[in-house]
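Structures for review follow.
Shared between the two complexes below is chain A, which has chain B as its partner in the first and chain C in the second.
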Partner chain A sequence: MMILHRVYISPDKVIVNGKALELTEKGSALLTQIYRSHIGNYPKFFKMDTLCKLGFVASELLLNAEGNRNFEPREDRAVILFNRSASLQADTNYQSTIQDSENFFPSPAAFVYTLPNIVTGEIAIRNKYFGETSFIVIEENDEKLIEQNLSVAFQDTDTKSIIGGWLDCTDEENFEANIFLMEK
Partner chain B sequence: MDELIYKLKQEIIEALNLEDMTPEDIDENASLFGEGLGLDSIDALELIVLMEKNYGIKLQDPNQGKEIFKSVKVMAEFIQQNRTK
Partner chain C sequence: MGGRNMIVSIANNITSPLGMTTAENYAAVKAGKSALKRYEGHWGLPEAFVASLIDRSNFTDTRYTIVEQVVIHSVTKALESANIDTASPRVLFIFSTTKGNVFLLDKREKGFPQERVRLGIMARLIASHFHNPNEPIVVSNACISGVCAQIEAMRHLESGNYDYVIVSGVDIQSAFIVSGFQSFKALSPEECKPFDANRHGLNLGDAAATIIYTRKDTVSENEWCAYRGAIRNDANHISGPSRTGEGSYRALKHVLGDIDTQIIAFVNAHGTATPYNDEMESIAIDRAGLANIPVNSLKGYYGHTMGAAGILETIISMQAIDDNNILATRGFDTLGVSREINVTNQNQPTEKTAFIKLLSGFGGCNAALLMTKGGLL
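Let's look at the complex of A and B:
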């Protein structure tokens, strides 16, 4: 397996293939700044929870680094991500809409993100990927364990490349993405 | 009615996270779904919650939504006739 491109995002740092991007914002505002300065024209971004925003902007930077984006449907690319916190931030946000029995208004838009695998779906829908999509929750960012799981995914002969790696978010100001584009 | 339409536009922008839009960007006669604002089924559910939360209107029949959510103007007229708060 060979890593072709890598993107790292923390609340105060964005690195694409080893090169830091010059951005001024921090935390969730940083994700919006990446969207506005490097992506744009996808209003659905603003409806996403922080985990999805993080995965979306990280995958966009990764795919822009790859180049030749044509958004043609393809079945040979999988999206397989890992984290520790599942969809904790979205769960907390949703809980706040049902906490008070006097003000009980469950938000469908908040509820929809209470599954961490929604982010893999968002990336697949955006790019018309019809390969495997999985989101696996593990105890820590264990590169060896991640690599083992990705090598299993490559046993599917249709899968030629994977957007994979670590994508964790505990709240709007605490998150980490370390994702890569990998070929068999 | 104009005041309610403007307030409703503000509430829709906030509830649906239409970040880059202002009330002035929304045509009160344009379709909320499909070609108009391009809202989806989750947004429709969120609008149902908005009507209950802000105006005390509980839709008994979800199919009513098809008529009520035709446009902001139609939605405002329905709210004016049925609001309990």
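Let's look at the complex of A and C:
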């Protein structure tokens, strides 16, 4: 297995292939700043929850680093992400809509994000990836365990490359992405 | 098989409202029973719902949440017929769940630390209950999790990373999940009717289900093999299925490879009984050249058991073939999808020994798993 490109995002830091991007915002405002300065033209971004925004901008930076983006449909690239908190932020947000029986307004727009794998779907939709998408929850950000799980994913004979790695978010201001593009 | 290892199921269990063992569950399903019931004012929800719920009063161990207890019961029962040492580092636990202990987010819930809502913490607790030294992994891939967890098990066994993988799926319903599906207008006001012209949505269900897999060089004709699995995305919409059945079709195409489809007894579909899901599956099944193969859905017996579904429905399907039976689709009467697929409305005999488990879920994900008895392909 070979890692071709890597993107790291924390609330105050963005690093692409070892090089820090010069950005001024922090927390969720940082994600919007990345979107505006490096991506744009995808208004669906503003509907996403923080985990999806994080995964979206991180994967965009990763794929921009790869270059030659043509958005042609493909089945040979998988998206397999890992984290500790699953969809905790969205879960907490949805719970607040049903907590009070006097003020009970369950929201389908909030409920849809209460699954961690929605972000893998957002990345697949953006890039027309028909390949494998998966989300795995582990308690520690253990790169060895992540790599073990990614290396076996190449047993699917159609899978030639994977967007994989860590994508965790506990609330709007606390998140971490450490994702990479790898080949068999 | 060209020297390929076979991934063999050596033990299993279903813990559900229809029974605490696989045998009890299969007997109930074969007899056409269901635990679907209408609940009014349940959990303080303003809207009534129909669901298949486990009697919580049977689970009284205060150290563990109801979710954890149901999983522990299922794994314990599966282990009774498998001669393995769960304390060995050669054994891995893989869990499959969508919402785990999410009910603990409700501020009215007392008695368990809030961190138990984290799936990795729950998984560690269960693995350590069985003295297992490995970090457990939790597949949380919406409604396809149960098949994804089995595919993950196949891969770890094939690679030689472990000798046994205990795959256990669970979801236990709560106000959180039911109100969410209600807000989506996805729930049927009556017992669900998969693939039927008068289907009006899904029912939710509680269950845990466990399969223990190992790797073997050769298999006997009575042993079940997880032959090939695939996960594919629609790349279309996060909460609506593809109009072309793209991901399900591609998953089916991959697991079928170049095998003769005539060996397949049936496709056990997701068949949630929502208008869009069943329509999408009919397109995928037809496109994959399986329109003449019997198709069934088990949602009319269990409701949609979410993280447990892929494992529970694989076990029931293995039991059915062991009994030379293709199960009826409870709730189905008149075909209500655009493609002429062969949905079963009664139990029927079969001599065939392979089936496909098909699932799809939010996030545009789809999974298919080809199971073969005796590995004779």
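Going forward, the second predicted complex is superposed on the first by the 184 of 184 C-alpha atoms of A that agree within 3 Å, B and C clash if a C-alpha of one lies under 4 Å from a C-alpha of the other, contacts with A are read in each partner's own complex, and residues count from 1 in each chain.
Operating definition for what follows: a residue touches a chain if its C-beta (ideal position, glycine included) is under 8 Å from a C-beta of that chain, and two chains touch if they have at least 3 such contacts.
Just so we're clear, the structure is a prediction, and the values are computed from it rather than from any experiment.
Asks: Could you check whether chain B and chain C clash or fit when both are placed on chain A?
Replies: Overlaying the two structures gives chain B and chain C room side by side.
Asks: Please indicate which partner A:43 is in contact with in the superposed arrangement: first for chain B, second for chain C, both, or neither.
Replies: A:43 contacts chain B only, not chain C.
Asks: Between chain B and chain C, whom does A:131 touch in the aligned arrangement: first, second, both, or neither?
Replies: A:131 contacts chain C only, not chain B.
Asks: Just checking: does A:117 make contact with chain B only, chain C only, both, or neither of them? Give me first, second, both or neither.
Replies: Only chain C is touched by A:117; chain B is not.
Asks: By the touch definition at the top of the document, which applies to A:160: first (chain B), second (chain C), both, or neither?
Replies: A:160 sits against neither chain B nor chain C.
Asks: Would you sort A:106 into first (chain B), second (chain C), both or neither based on which partner it touches?
Replies: both
Asks: Who wins on chain A residues touched, chain B or chain C?
Replies: The partner that reaches more residues of chain A in the superposed model: C.
Asks: Give, as a whole number of angstrom, the minimum Cα separation of chain B and chain C in the superposed three-chain arrangement.
Replies: Once the two complexes are overlaid, chain B and chain C approach no closer than 7 Å between C-alpha atoms.
Asks: From the superposed pair, tell me which chain A residues show up as contacts to chain B and also as contacts to chain C.
Replies: 106-108, 112
Asks: Once bound in the complex, which stretches of chain C touch chain A?
Replies: Contact set of chain C toward chain A: 44, 46, 98-100, 102, 105-107, 117-121, 123-124, 135, 137-142, 148, 152, 154-156, 158-159, 161, 175-176, 179-185, 230-239, 246-247, 250, 254, 361-365.
Asks: Could you please specify the touching residues of chain A with respect to chain B in the complex?
Replies: On the chain A side, the touching residues are 43, 46-47, 105-109, 112.
Asks: Spell out the part of chain B that touches chain A in their complex, as residue ranges.
Replies: Residues 15-20, 42-43, 45-46, 49, 52-53 of chain B touch chain A in their complex.
Asks: Looking at the complex, which residues from chain A come into contact with chain C?
Replies: 73, 75, 79, 84-86, 88, 91-92, 94-95, 98-99, 101, 104, 106-108, 111-112, 114-122, 124-125, 127-140, 142, 145, 148-149, 151-153, 155-156, 158
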